[in-house]
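Quick one: the structure is below, and I'll ask about it shortly.
Residue numbering begins at 1 within each chain, and the chains themselves are lettered A, B, C, D and E in the order written.
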Amino acid sequence: MAEADRYEDVVRTRSDEKFAEFEDTGKGLWGRFHELLHTTPAIVPLIVLLAACVVFGLVLGSKFFSPFALTLILQQVQIVGVLAAAQALIILTAGIDLSVGAVAVLCSVIMGQVTFRYGVPAVLAVPIGLAFGTAIGAINGWLVSKVKLPPFIVTLGMWQIVLAVNYLYSANETIRAQDIEAQAPFLQFLGTKFNVGGAVFTLGVVLMLLLVLVLAYVLRSTAWGRHVYAVGDDPEAAQLAGVDRHKTIMSVYMLVGFICGLAGWVMIGRFGSVSPSATTGVIGNIQAITAVVIGGISLFGGRGSILGAFFGALIVGVFELGLRMAGADPQWTYLLIGVLIIAAVTVDQWIRKVTA
Amino acid sequence: MAEADRYEDVVRTRSDEKFAEFEDTGKGLWGRFHELLHTTPAIVPLIVLLAACVVFGLVLGSKFFSPFALTLILQQVQIVGVLAAAQALIILTAGIDLSVGAVAVLCSVIMGQVTFRYGVPAVLAVPIGLAFGTAIGAINGWLVSKVKLPPFIVTLGMWQIVLAVNYLYSANETIRAQDIEAQAPFLQFLGTKFNVGGAVFTLGVVLMLLLVLVLAYVLRSTAWGRHVYAVGDDPEAAQLAGVDRHKTIMSVYMLVGFICGLAGWVMIGRFGSVSPSATTGVIGNIQAITAVVIGGISLFGGRGSILGAFFGALIVGVFELGLRMAGADPQWTYLLIGVLIIAAVTVDQWIRKVTA
Amino acid sequence: QDGGSACLITKTDTNPFFVKMREGAAAKAEELGMTLNSYAGKVDGDNESQVAAIETCIANGADGILITASSTSAIVPSVQQARDAGILVIALDTPLDPIDAADMTFATDNFLAGELIGQWAAAKLGDAAADARVAFLDLDVSQPTVGVLRDQGFMQGFGIDLADPNKWGDEDDSRIVGHDVTQGNEEGGRKAMENLLATDPMINVVYTINEPAAAGAYEALKAIGRENDVLIVSVDGGCPGVQNIADGVIGATSQQYPLLMASKGIEAIAAFAKDGSKPEATEGKNFFDTGVKLVTDQPVEGVESISVEEGTNLCWG
Amino acid sequence: MTSPVLEARGLVKRYGKVTALDHCDFDLMPGEILAVIGDNGAGKSTLIKALSGAIQPNAGEIFLEGKPVSFDSPNDARGEGIETVYQTLAMSPALSIADNMFMGRELRMPGFMGQYFRKLDRKRMEEFSRQKLSELGLMTIQNINQPVETLSGGQRQGVAVARAAAFGSRVVILDEPTAALGVKESRRVLDLIQEVRARGIPIILISHNMPHVFEVADRVHIHRLGKRLCVIDPKEHTMSDAVAYMTGAAVPEGVAEPA
Amino acid sequence: MTSPVLEARGLVKRYGKVTALDHCDFDLMPGEILAVIGDNGAGKSTLIKALSGAIQPNAGEIFLEGKPVSFDSPNDARGEGIETVYQTLAMSPALSIADNMFMGRELRMPGFMGQYFRKLDRKRMEEFSRQKLSELGLMTIQNINQPVETLSGGQRQGVAVARAAAFGSRVVILDEPTAALGVKESRRVLDLIQEVRARGIPIILISHNMPHVFEVADRVHIHRLGKRLCVIDPKEHTMSDAVAYMTGAAVPEGVAEPA
């Protein structure tokens, strides 16, 4: 033992150091693919999605690969796609929102009733609906952030409240598509169709795509996005590190409420009518969560990308349409979708494992 | 600076040390209450439950405190209570089980069909149903533990699969109570009633109470119980510390499948008939999760007690019956239950805060 | 197969009613050499899944669609889209709003179904109907149309003022103990009955949305020993339901004929695929009425009914 | 005598049965390096958490440059220029090193993209982070975009220390900043501490490493059983004295400021 | 020369782009205290994780008393009597100290209750835990039923070390066991290490504390850039030598065993 040895002095003189460099194995295509996977995790659900398309294409032939069928998928997932984007935001903060579907339905009802019951012009009714959505989001956010209630409970309660309000307020009355078309076509604006080389798109689909891209950018490339991840990852640590947890959570829930409002507007565009008993109110939450989880976002928060959630929604959409087109009977369709959900995520896990 | 100072020697001679003792403030009743809260966290939902009873008692008078009403609550929560116990186990491991309700319904259908379609005696049909439940649990557990899929996805898929199988297998046919009573009364065994001073209990209720007590004991006082908590708390750490994560998770999911089978048996006792379209198949999962979360178990695993989950189920039961007795119409009841769920957890949070 | 292709879209497929409907359609399609694809909503009132199903049928190039609409008006634009694509659309069981949104309707009148059991219950009670205590076991808080039609039909038949006929729960007749929802199964039926009994143990008439709910209600009554002094009425006329009349569980039920609707529908599509001909409505009605009959073993004066034996011969489940 | 930058009187913090701070006083003088030493569980971390807004004490007062303050969150304290490295490091495991370094004070792109699209300037943030880490001698970090959870224990601590030193403007608090660091990296942190002091910023240093404490500290606050036992001048006391006081083997007499 | 208790040849572990172990060799001799030193991020923790089954290396072999072994989980290694304190401590935060100490090897009540109802013997477990902690000088722990998450950093580490020392039967591995410990507590851990060795159990000690390493180690494994650079005899080399080798300031010549 040499206690008086001034061993620390050895490191006093800084030698010219380099960052450690190790032998770089596994380059080439495979290596590049690895790297892509690590920088862009949404690639995994994308692969699953493409694989699903290929399989259904082989089974169903040209019927499935027709522009009609392919754009049909987009139209069929537009509502779930928008809700999944909203849900993804909440889940990234380690929350969960059971009220998304119900809020969307209520917002569509508000847009409709405000126009038809109170005679407000539709161009005003839409922002009013969106404002309502945002306000509900704010209440959820406040209960989660300030009162510190578990998001599951807050949004479970809100789900029931919103659904009940929705039925009570609308008196269960559907506003018919014909009436909307005649008197307030702006409510159906997002249903506007246009053609791109035989494929039919609606503005609702465009809105969904834009929304996903914008959110992907914001989450990746702005400070707010980083804070969302940090808060979801480890709220304590984020707070200690200087993130305003409350502000971040409030903004997420409010934005989500707003997006749900958009989803309500998309619903009017898609169905033409305004119906308080739309199923989205009841199962929209599970559908959105499913898309998010298939898309590789962790329910424990802080990990995953919104593009993944979008691909997740598409995966389910492709399965559903494909099985329906193949003529599977409904219960068999549910059964197979159950199997496929598990299979999709198994493949996802497997890809991640072999490329770890 | 005194580097040669052999300062560490100071501590070489061990002085006679005592555990640090600080001034012990806050004794008395309040202090004792604090301590109770910390050692028995289930006390908080219990307080909420009692408060709810008192409020409804005041509003509804003797009608609510009649033996009929009070035992009715137990009978109405028996299925959710059993499922909540199962769900609590899974959630303690940081999982979630969306398939509990569907598995319960399928098990009841299996018990019924095995008896009526294949002529197996009912005393054998029940164990067969329980075995099926356990097997489904084993599949869930295996997918979670070995394939490392998120429990949410595994059980979401399983939920759909089990529900579909349930409809396909039973061809949606109900086995009527009258037929069961005549030909296989053992299936209805848990519906057996007995009187204790005016209050009517069923064996199903007794089973639920026993189950909760046994699980509470096992979780608290056996090594397996500690492992369940450890795995839910931090699976990495638990594994590093020597817990067999796989064995623990498998055993939990299998036990849960078994308990779901019991819930199926309880259902036959309660409804007399065997019906594949029982609502429990669709919303049993959310009901059970709600009870668990209201009961103070963290969805992130490792924290909370099973007694809490039981009180959570009772809280919802009391609200539902109380509101219906007070004459609220179904839509308003639905809305108010949403409000009350949030309120119950707010009170819970508040009690925890003032007694922290 | 060259007999053309058809789609059957039901409200759900967890209800024996629709299972039978599908069996009827499948048998007929088989007989006529047609391809049949079946679709269903996920829960009662599920319009979205039905829209997606219609879109799929269009993509698949079906000749005709049979649909029991979950939302009679919300589905109309999609139906229009299908008809624009040259597909024959027939509404089964539930007329669309407006009824001519479909090429033809093969239906039961759900309001009438309710009215029959209402009349029966009133007649059965006689003078006691004036101070009856009535419980309503409905389908769901979202009040899907079938549920509203049957509930309001019952009130009409029983002599209760409907207030708004498009919803239940807004009536102020003091004989109404309350409404509760059942999801149309035994589980919901039992709980709803218990809840209403806790409000008023003297209930003596129970309207139920369908027979499983009725069976659940019966269990609740049995638990407190009142199964013999309460009248339960229901709708559907499935075989277990009819058997329950024989067993004294249900007093009377309105029977519908889903197999008939389905097979008629398939025949119509086959004809349309062959030569473009469309089906005709029943004389004097704007739809093809497949009929509703009251089944009971306690017939009453002034309300036409058939016996349990006849009901059993015609039943579908 | 000048007045303290940061001062606390009678802080109390209870956790259920446990009293972590028991009427504790504290003073940090301008421009000094104040070491805080004490047994495990003496309450050092609790003390600095109270000072930096991470916890709210049950009783007692805190003064910043003489004015009473009450921080509701670490953000409040940070707003006043108090930068802290917590013992638990406070990092977001799934985020990258650069993300963590700039958490809450991200750099935006210059010009249009930054102003209107609020785009982060990743390149600048990465360069800055890499530079700060090299200054600490953390040369084994191969990828600045690695998530923090994949760093070794010492690398992680290095990131936290680099962050605090780079951004602290009024007070820098370091809770055992070298615990997981290697010989070289620890040395660099000590240098860094002295550089920060040279910028005129006072530092609170919690450490169990006596030679380091006695090398850099101007004063040593000895914490025992939840309170300040005494403050000693490292030039007038030996390490043995300090250790004896803090472990209770000896009782300080005539110390600079009795508690 | 006797043969090693635990031996590794050519271990490789890659994490995506990062190579944490780069054909690393390792030898632990019977009854010795082997110190492993190296820069932050050199790969020390990865090495011992591979040895204890916590990770599976991409390549290379491990031998226990000459027989090739492959541990799929830490439990496998533990089954062979290899007890490890990981740098991250591996505790269940919400569980109590006693629960954590006995995790995976709980004591059951004697007699009927234990045999048929598998009831835990809490009292015995608590007493044992309390005793082990006092032996380490962790006297500030007021409540043995405190959840581990409420312990101070050092207290937590103390619990982990006490656990490993109490239960290790063939090899005890300690990854920076004194990093968060106070002067007194560190001292006790060093004593404890020597007591364990006296029981004939060899120990792997990772530490950045050179005086401690040179005080207790029989041999010093110097780790650099993912591999073993050399093994030195602390009696024949100074701390300065060791630090120079491990930081790359000097290259070892004629060392005991070149890598």
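Going forward, contacts are C-beta pairs under 8 Å (C-beta built on N, C-alpha and C of every residue); 3 or more make two chains touch, one makes a residue touch a chain.
All values reported here derive from a predicted model rather than from experimental measurement.
Trainee: Between chain A and chain C, which partner chains are common?
Mentor: Touching chain A and chain C alike, sorted by label: B.
Trainee: Averaging each chain's C-alpha atoms to get its centre, pick out the one most distant from chain E.
Mentor: Of all chains, C has its centre farthest from that of chain E.
Trainee: So, comparing C-alpha centroids, which chain is the farthest one from chain B?
Mentor: Here the answer is chain D, farthest from chain B.
Trainee: For chain B versus chain E, what separation do you get between their C-alpha means, in angstrom?
Mentor: Roughly 40 Å, centre to centre.
Trainee: On a C-alpha centroid basis, what's the spacing between chain A and chain B, in Å?
Mentor: 30
Trainee: Provide the C-alpha centroid distance between chain A and chain E, rounded to the nearest whole angstrom.
Mentor: Each chain reduced to its C-alpha mean, chain A and chain E end up 45 Å apart.
Trainee: Once you find the CA centre of chain C and the CA centre of chain D, what distance in Å lies between them?
Mentor: Roughly 72 Å, centre to centre.
Trainee: Indicate the residues of chain D shared as contacts by at least two other chains.
Mentor: 17-18, 41, 88, 139-142, 183-184, 186, 210, 225, 243, 247
Trainee: Would you give the residues of chain C that are in contact with at least 2 other chains, written as numbers and ranges?
Mentor: Those would be 13, 43, 141.
Trainee: Do you know which chain A residues sit against two or more other chains?
Mentor: In chain A, 3, 6-8, 10-11, 17, 20, 22, 163-164, 167, 331 touch at least two other chains.
Trainee: According to the definition already given, which pairs of chains are in contact?
Mentor: Here the touching chain pairs work out to A-B, A-C, A-D, A-E, B-C, B-D, B-E, D-E.
Trainee: Which positions of chain D touch chain A when the two form their complex?
Mentor: Going by the criterion above, the answer is residues 54, 73-75, 78, 84, 86, 88-95, 99-100, 103-106, 108, 117-120, 122, 134, 137, 139-142, 183-184, 186-188.
Trainee: Which positions of chain D touch chain B when the two form their complex?
Mentor: Contacts found on chain D: 14, 16-19, 22, 41, 210-211, 214-215, 225-226, 234, 238-240, 242-244, 247-249.
Trainee: Name, in rising order, each residue of chain B that touches chain D in their complex.
Mentor: It comes out as residues 1-3, 5-11, 13, 15, 17, 20, 22-26, 34-35, 38, 356.
Trainee: Enumerate the contact residues on chain B facing chain A in the complex.
Mentor: 3-4, 6, 96, 143, 147-150, 152-154, 156-161, 163-165, 167-168, 286, 289-290, 293-294, 298-300, 331-332, 334-335, 337-342, 345-346, 349
Trainee: List the residues on chain C that touch chain B in their complex, please.
Mentor: Interface residues on chain C, with respect to chain B: 13-16, 19, 43, 138, 141, 169, 178-181, 183-188, 190-191, 194-196, 198-199, 212, 215-216, 218-219, 222-224, 240, 243-244, 247, 249, 317.
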